[in-house]
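Just so it is clear, A, B, C, D and E label the chains in written order, and each chain counts residues from 1 on its own.
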Amino acid sequence: MDDGIGETPVRCEVARYTEATCLHRRELAPEEALALCDLSSGEGVLWLNVDRVSDPAVVHAVARHFGMHPLLVEDVLHTAQRPKLEAYDNQLYLVVRMLGYDTEAERVTVEQVSLVLGRNWLVLFQENPGDVFDPVRQRFLTPGTRMRSRGADWLLYACLDALVDSHLGVLEQVDDRIEAVEESLFENPERAMFTALHVGRKQIMELRRCIWPLRDAVNALQHDETGLVSPETTLYLRDVYDHTVRLIDIVETSRDTLASMHDLYLTSVSNRLNSVMKVLTIISTLFIPLSFVTGIFGMNFRHMTVLEKGWGYPAALGLMAAMAAAMLAFFKRKGWF
Amino acid sequence: MDDGIGETPVRCEVARYTEATCLHRRELAPEEALALCDLSSGEGVLWLNVDRVSDPAVVHAVARHFGMHPLLVEDVLHTAQRPKLEAYDNQLYLVVRMLGYDTEAERVTVEQVSLVLGRNWLVLFQENPGDVFDPVRQRFLTPGTRMRSRGADWLLYACLDALVDSHLGVLEQVDDRIEAVEESLFENPERAMFTALHVGRKQIMELRRCIWPLRDAVNALQHDETGLVSPETTLYLRDVYDHTVRLIDIVETSRDTLASMHDLYLTSVSNRLNSVMKVLTIISTLFIPLSFVTGIFGMNFRHMTVLEKGWGYPAALGLMAAMAAAMLAFFKRKGWF
Amino acid sequence: MDDGIGETPVRCEVARYTEATCLHRRELAPEEALALCDLSSGEGVLWLNVDRVSDPAVVHAVARHFGMHPLLVEDVLHTAQRPKLEAYDNQLYLVVRMLGYDTEAERVTVEQVSLVLGRNWLVLFQENPGDVFDPVRQRFLTPGTRMRSRGADWLLYACLDALVDSHLGVLEQVDDRIEAVEESLFENPERAMFTALHVGRKQIMELRRCIWPLRDAVNALQHDETGLVSPETTLYLRDVYDHTVRLIDIVETSRDTLASMHDLYLTSVSNRLNSVMKVLTIISTLFIPLSFVTGIFGMNFRHMTVLEKGWGYPAALGLMAAMAAAMLAFFKRKGWF
Amino acid sequence: MDDGIGETPVRCEVARYTEATCLHRRELAPEEALALCDLSSGEGVLWLNVDRVSDPAVVHAVARHFGMHPLLVEDVLHTAQRPKLEAYDNQLYLVVRMLGYDTEAERVTVEQVSLVLGRNWLVLFQENPGDVFDPVRQRFLTPGTRMRSRGADWLLYACLDALVDSHLGVLEQVDDRIEAVEESLFENPERAMFTALHVGRKQIMELRRCIWPLRDAVNALQHDETGLVSPETTLYLRDVYDHTVRLIDIVETSRDTLASMHDLYLTSVSNRLNSVMKVLTIISTLFIPLSFVTGIFGMNFRHMTVLEKGWGYPAALGLMAAMAAAMLAFFKRKGWF
Amino acid sequence: MDDGIGETPVRCEVARYTEATCLHRRELAPEEALALCDLSSGEGVLWLNVDRVSDPAVVHAVARHFGMHPLLVEDVLHTAQRPKLEAYDNQLYLVVRMLGYDTEAERVTVEQVSLVLGRNWLVLFQENPGDVFDPVRQRFLTPGTRMRSRGADWLLYACLDALVDSHLGVLEQVDDRIEAVEESLFENPERAMFTALHVGRKQIMELRRCIWPLRDAVNALQHDETGLVSPETTLYLRDVYDHTVRLIDIVETSRDTLASMHDLYLTSVSNRLNSVMKVLTIISTLFIPLSFVTGIFGMNFRHMTVLEKGWGYPAALGLMAAMAAAMLAFFKRKGWF
């Protein structure tokens, strides 16, 4: 995506742990990393994390090493996949999206993460460096955790759990932003606000497109038939599934809230138009008849005896005052004040 | 949720009853309560009610005592679960939401209740003290009731029934509030009313999110396959299920009513604008031409013979009266009065 | 519902017919009626109609006599059930709603009817006296009809058929009312009309809530597995099912029509605002510039030679006439006449 | 439906064909027609077409002759059925609707056609004389066509195909009408147009109610299990099914188009209001301040030296010209020209 | 479709390849092409591409040669089919739509492509010359590609893949167009823009009608039971299926975006009306009262002593300035500047 990143060489991270031991190396060149990934020994769980997919040669090398299917490799390289689970002979391929929130630009960032699960290994391909997997790392680095005594499927579960948790964080930030707009909407509906609604709507639409298929993918993983996912892990995946359902709940609620705010905004605009019109109507209705009266007495007819009388002027002023009072009473009755 | 509550120590309530006997103790410290919960004897039905989940240590102690799954405990502690049923080896875990209505703030309060059903016991975890289970207590305290001769599944049914009944009460209060707004909307559509609609919409959305998954959970309970729920109880659960369907009916109706009221409000706003515009138009259309006439006779041309004549002034007034009459006839024909 | 009715004693109606004989008694006291309901003889079909459920003691007595389930009795007494079918050991319980149309108040009345089918008997519980079952009575009173040679399931079918037919009648009356509003809407859109739309929408919503679950109940009855409904009757129930589908068609069409009328109303309001604005604009645009001209010649400058000339006044009038003509041409071109 | 038609006697049409022979008689009295319908011989395919159902006696006679079920007869006589397929012991009953387009009244006409398929015969009941089955007649009258060598199920398929083709024709006419309105809508949005939209919407709603259940009926026919429809015919029915799906596509598209046109209309109305308001605002904003200036110099104060000066009048005119220019520049900047 | 094309003779393209050899001939007359299509030899994969279906005689000749079903031929000739898959005895018939984007007219072009798959051959019928299959040609012309070693089902997959890829290109162009409109909408909402929205909506509707059934057809192809599609190809079809799901995602997003833009447009119109009204109100409210004051002092009463005084004129001007200042302060407080 970012050309500048393409020039930086790809860095890999390798971890291999058993209940007793744990090897963890970061910032490796791809060749170094693959040298550490001896599949034949088959002891413990192996984790390989490729931090960017900008270099197809690296992806192809990794795929060859782990015996991945060509179609899988194609999907890893084209980073516009929907979240999905695909089963290959003895591998499971899970595509998910890693969300972030750029607080400065006030928008959601999206990155594709590909997870390939083998018998005792898990390979991750990320789009850009930087991720949400630190809780996972901490767990396999700590001796005695449940993760250390489980297989690669548990590692996959832990990654998925971390991803879904980070989704929740992003959603909450978007929700906070929406609520901030909502409050200011009550006080002062500005056009800028409407633009904010429009942008919010697009973001929510994008989040929905990430989260709905994610739920389906997690569900498919729960009912996986390749035997790569153990029944104990399946129980924990049910928990992840529940979280994705909650994500959907939140995103749908935000959508409804935005729709309701949109209505609120339109109503505010209508109300303002109404209040503007009332001011115009009150002023015009008050002064146009009065001006007519002054017009009458401003006519230049020679024979208007009223103009000659001493009481003419105060009488005219009195007439106008009476008219104004009648108008104001009318407005009062209409409830315009 | 409320920090102040966290400081108050957790209180427990224990009941153990058979057809013949019934022990009931309230306001116990957790250790005292657990001491009363001897699972090995296995006689009668045991009920343990933990009145708040603010202290994780207590929850973990209870979970250990009853052999609950770690994932279940996690869900008990994180009180933002959607209503759901989860089956573990020999336990059923049901999360529901207990609704209340704060009449002062005119809003719905929501609290998570976790029910864990074992072979002959039921454990409840509430978020805050205070609940809707008094009818349940009364039934197991009264000798000879059906409950006394049944197992823990019947106790679960009774709790669920009480919860769903309290949902109905809350929904009716929300409905009353909506109807009150509706009536005043017909008479006097104010902006405050619209804000009320907006708030009502959000509340109904929240209630929907409680009630729809509740129905699914009750349905899953009816078709439970762990053998913890007896066929006789299943028949009664069908009744609870019917009630949840009725709740959905009510909540969807409220939603439709709110949508219809929103339209009604917008129409009222339009109509008011229309009536304001009509007043403006009538006044302007009446007096602007008349003022023009006065303007003509107010011009200072030296050679306007009409100004010199004695009949000029009355003729001008007559002309203006005729114009006004014509205008009023026009408005009459347009149906503006 | 109506307190006054609660004081009137409950009246029952009993019928027992075979192919050859028919006993029919109305206005019986509950004890008399039950005395006639000897279930042990088992000959012919027995019909018991309880005309109101205001007295729980009577309902309980009837339930005991026929061996009805406690849950069933509870649903009979709480008259806010949705239409549904419930199967008990050797009984079928069907709740439906009997509709009426109060032509004076122009609104739909709703009453719950509970039908309990046993091996050779059918018990009806109504909410209020008065029903739509006269065609049914006529059929079992007439010797040689198909009903006389069939079992209690056929009697249930006949009652259901009568109910659905009466639904159709009510829907047609509601539809006629909507069409009446529609026609007047084209001619004269008044605010009162909009209120009528709002009320119509609520009524249609209520009817939907009666009819959709009715369809499901009839469908469930068709696929009943208790053996209480014979295959021949099932064939006839398919016909009733078709009628409920037609009811749904009608009610959905009414809903669409109301939505379309709502749009029509709003458009009419917009159009009226537009036409009001045009009148205002034409008058203002015509006379404001003319008034400006009179204003110019009404200024009191000493050195305005045009005021001194004999041709000044006619020239000013000519100028104003030309301006008016230009304006009118402009409006013509805009298509405002 | 039409009383006048009821008085005309019912006419029937009979055809009986084998691969080698074909008998075809029209305008027969019902008794003559039934005399030709010898079911015992069982050779070839028999077609009986009853041109109206106004005389129940005729329908009952035909039903007796062919051994039709009483429920089927009832549905034939009540001509407000939804399209549906019903299987009886050894007969299939298909109800469809025959559409026409009355070009003068610009509206769709609907007529019920009942088709009853037996082992080697097909009976049609129409509501009114006149139909769309001429292509079918031509096929069985022509020796050597596929129809001549097939059974009655193929005849049913041919009738259905002709009906669905005529549906397509009607839909295209409705669509043309909508497009005509759409084009004029772009040019000149009138209120009459909106009424046209409203009427179009009602027609499309009616067509949907004919076509959606038709699809279901054809689908059910494809999966028929009575053995009356041969596998070869089923293949051809798949083709009819595809056509009904296309009909649905067209009708749904029309619906979307109408909704979009409705929005377009409302927008046009708003835009016109906007443009009217701009004219009013420009004129008022231009001349009201100028009139104020003339008003100032029209005041009758004795001591206004500016009125005495020779340069006063040109200066006042200059001031007004400058104000007008400033206003026009302001409008230009606002983009109102 | 285009009459002029009907006159040009139909041209065919034939390819026959095995792993080792490849024959490819273009611009053949139909007879020449069929002469090359020897089905009996059965070696390698045969591809016949008929570049237009304007001449039914050619289509019938091809159909006879390959033994296609009459219904299939009918669908090939009637080029308004929805995308679908149909299985015949030993042939699969797939109808898809080939999209193009006419950048000048800014609209999508649609063409029907029929693909008939036999044991070792694939026949394509296009509506017009020109297609998107060049990547397919390149693959079978290049020795050693996977295609060369696979059967006709792989060729079908490759064609489908090329088609779906081209759909994506077209969708992106439509999307770009929508985004261009969106950006200008923020800056300057014109009526022309709304027309663009309306047209965009119709195009998206048309694309949906192409893409939704395409997904179903690809899905049916994946689960094909004729044995014509090998399991290896099925794996690759899953990839095509994923692409169609992504197409649906994009098209639905565009639809939502258009709906949101429509709202944005309407809001812009409302806001402009509001701002126009504000200008009118400010000007009127400012000057109408001032004009009234000049009117008072323009009256011709003889006894208005204020007119005689030297301070009268400056006092009147001061009064008017004060009134204007008060008005401006009022507008400021209302937030109208």
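FYI, contacts are C-beta pairs under 8 Å (C-beta built on N, C-alpha and C of every residue); 3 or more make two chains touch, one makes a residue touch a chain.
Just so you know, these numbers come straight off a predicted model, no measurement behind them.
**Student:** If I list every residue number at the interface of subunit C and subunit D, are over half of them used by both copies, so same, or under half, so different?
**Tutor:** The interface is built from different residue numbers on each side, given that under half of them are used by both copies.
**Student:** Provide the C-alpha centroid distance between subunit D and subunit E, rounded to the nearest whole angstrom.
**Tutor:** Once rounded, the distance between the two centres reads 27 Å.
**Student:** How many angstrom between the C-alpha centroids of subunit C and subunit A?
**Tutor:** Taking the average C-alpha coordinate of subunit A and of subunit C, the gap between them is 43 Å.
**Student:** Going by the contact rule already set, what residues in subunit D reach two or more other chains?
**Tutor:** Answer for subunit D, listing residues that touch two or more other chains: 270, 273, 277, 280, 284, 288, 291, 295, 298-300, 304.
**Student:** Considering only which chains touch which, how would you classify the arrangement: line, ring, star, complete or other?
**Tutor:** ring
**Student:** Please name which positions on subunit A make contact with subunit E in the complex.
**Tutor:** By the definition above, subunit A touches subunit E via 69, 71, 74-75, 80-82, 84, 86, 188, 191, 194-195, 198, 201-202, 205, 209, 262, 265-266, 269-270, 272-273, 276-277, 279-280, 283-284, 287-288, 290-291, 294-295, 297-300, 304, 307-310, 312-313, 316-317.
**Student:** For the complex, which residues does subunit E have touching subunit A?
**Tutor:** Subunit E residues touching subunit A: 186, 235-236, 238-239, 242, 245-246, 249, 253, 256-257, 260, 263-264, 267, 270-271, 273-274, 277-278, 280-281, 284-285, 288-289, 291-292, 295-296, 298-304, 334-336.
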